[in-house]
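Just passing along the structure, written as structure tokens.
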């Protein structure tokens, strides 16, 4: 397991950015493992991800902010630092379709996802036995139109008490309120079972079937106030034909959803995603 | 070159359909090469494509309708028969983006498309030299808001005079009038440079760029009165990333558009496409 | 759940084959749902899959062989009939890599695979808890160079006693003896973690890494005496780059292996696969 | 058109590499557009591509080597610098299958390939009219077993006289001698019509057909002394089925070959490819 630090930076482009950052790491004895930068849009907004080996790095990470702030201010940077050894605390929300949940749990056990899956929330009890099998606490919080504010309050309390860093909506069929979402900006990942922006909203497989598309898709995105409109993290597709009934689309869809969602979650917890104007930059 | 007949049938499903059709071919000495049928929708509407070797077939194709009509009436069939040796007469419409045109011309020369490309219509003179190289008549018919009805009249005259069976809109940037379209039902194929129904209308690459999708697509479809809403024949996609500028999407898009459009044209001229409720059945 | 019969036929091509088969079904009151035929090779060898609704079919399936044999003899057919309601009895063999096993068990529970998973055999105890979770008997039969004949004898006994129709090698890392294989012709499906015929044998990911390929693959095939040389049922690929270490290839490979193997198993149990000259015909 | 410089560096990894390079560019007034580095193998060999805007760069490129050499020596770098405005001089070799040639010529005219296509060599006259259409000199140099050394001598002379930087074998069906190849190390790109290392050598489509694969591929690679064994630059695949005859594989193959080869050529001329141990690092 690599012991490294990851610095994520974004700011208006200026000469000397790469040199200044690389030099800062070097001066403190860090060996840079990955240096990736991107210049977005016509104004060439600067975004970078720098990862270095902590072996030999002479700056205590506690002191990093103090030392780095002058540089950050000089370039008007927005930045944050993360440790590869830090395991984000993840909550998974699920309804009855549990394929993404089970897939994430298996991958996690397999070592693919360097996070702690702390708890599972569902409005149904169905997926409980998988949670039990993998030893993850499972909370059933039914949601109706009437009790929704109260249900979200319970959920929020649970999330806060457990210091959750990331919420994964693994085919959770409830729409979260803007209020709820506002508490977790760029910290909620949803899997939508269509190739967004095609087939927004409910029943995308039915919509796809009726339109007669030849490919179906899935989209992992950050959740924002506008339904199915948040920044897209990853998408995948699978071929379908006239022989496929709606149930076949559902079945084929599951395979795409699992791969797409798990990839998005991995990129997030490995600090590979930056946002710029409702779009994601993925430093793979 | 195979010398075969292709029968396309659609009707409400009933027992004995396959047996009756296969028997009809057999009784007249035909050896069936391909027999494919499909039952669409909940009501299991029957659609079939039957292809048989004409070598040894004892029925003159001129007499086919008379002999087959009793069967067709018995089962309330809609049907048509085609010869693999018949080369549909194709007109290609193009604007300034000539990659699909050039691709179709090359494939045609290469023997991939068993049709005659009879003429090319464009609202610009740009692609004329390619037409000349491949020896295809090229008609420049400029279109403005004002002269559109007159321009379409010229086009229709040209198409009728040349007995055109199929119009291919190879990135023709003009919207055809409902009147024009009505003359060629299921005989106009368009390539749209997005994964429909995402990004309907103009500038789909710009829309895709702004939405930040991770895959771009192209869609070949029959043209109907409603813009970009006709039955989808084929779709393709290509991966993009934050590194791709709009021009990169345009470039990557070209590769998909060429493959998707040429495949749709080939399926059409090989009589592999049937329609059911705004959807295509492709007998590959 | 559809209640249908599936007839699989292969024989030298002759006129009247489709008519004779379709007529046979019709005469006994069957409504054909799917009729697909293929003519393979230069000699146009005939292979067909015919599926009809048993609702209204007036022939008892017990009497089918007697009634159909005259036709079969007339055309020198090899044939078999299957019921969609028949659930093949499947044994899964696994070693330590349990991703394909877990995937198959989940799909099975989800209703994607219309078979009975009767037992699991492994040379390690590791995957036992998954077997237990899904309630499938799990037999640990360690294999060493010395005890291999004895181990295979145990396995065969288990398979026979349980009337196993299909063996799925879900990343079972042992090579089966020709003797063992001979007992289950076209009844053993293996998943090989490369795009065959590239990287035959052990350690395909290492071979792929060292060759520097840009795509990795997986191949599901029937097991024959020659290692990794049996008829290919399905293949899939995933993109890799210079950034992928061997472990990344392994991780990416798992996603392809699961999809490819489960598809092959499904096609087999749905009687969609015919063999012709070491190649598969898949009637999708 | 961007006016930038590209520095390609490889050396054993050491602390301070990124800082030193970025600082060098910064000190001379360059604004870095892209900085990508990779650490290959277990020994973490350092490879980097740095691109900066020449607008404002105060070092004359003629003086670059002198100024940069001390740094290069300090870190034992192998390096080279290129200008984005420099258009490599390309020769295309072709036989009778001219689809890749025509595709490259069209893309070149379209502005996708920032190089000069200086000449075309063929052992057949067939593709001459395409060369003429695009205004590229076309040299017919027939090759037989007997005249091969003499033919290669003619080719070399032509290449030298025209100061060719890159040779593209666009389905050139002749095997070049080791002698010839030695003159152009990492300067010859070939398209092989299979997914290497499967189906090395001649007739890969026939081999693929006989093995019954479900995907066919194409591979662009640098040519080395060992046939079809050079570093792989790019690969692509397309789905095939039992319905595809060899001619269909050939047809489908063409579409992959065009995309894969043109991508490899573009990456090469944009100085995006570094080599490490017979593998390519592609800085996309």
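Brief remarks follow.
Order as written gives the chain letters A, B, C and D; numbering starts at 1 within each chain.
The rule is short, and it goes like this: contacts are C-beta pairs under 8 Å (C-beta built on N, C-alpha and C of every residue); 3 or more make two chains touch, one makes a residue touch a chain.
Because the structure is predicted, anything quoted here is derived from the model rather than measured.
Which listed pair repeats A-B comes down to matching contact pairs by residue number; over half match for C-D among C-D, B-D or A-C.
At the far end from chain C, in terms of centres built from Cα atoms, lies D.
Averaging Cα coordinates per chain places chain C and chain D 41 Å apart. Between chain B and chain C the centroid-to-centroid distance comes to 37 Å (mean Cα coordinates, whole Å).
Shared interface positions of chain B, defined as residues touching 2 or more other chains, are 243. Chain contact summary for the complex, chain D toward chain B: residues 99, 102, 106, 110, 112, 129, 133, 243, 251, 255, 259, 284.
By the touch rule above, chain D contacts chain C in their complex via residues 38, 40, 195-199, 211-215, 217, 231-237, 241-243, 276, 278-282.
The residues of chain A lying in touch with chain D in their complex are 13-20, 22-23, 25-27, 29-37, 39, 56, 239.
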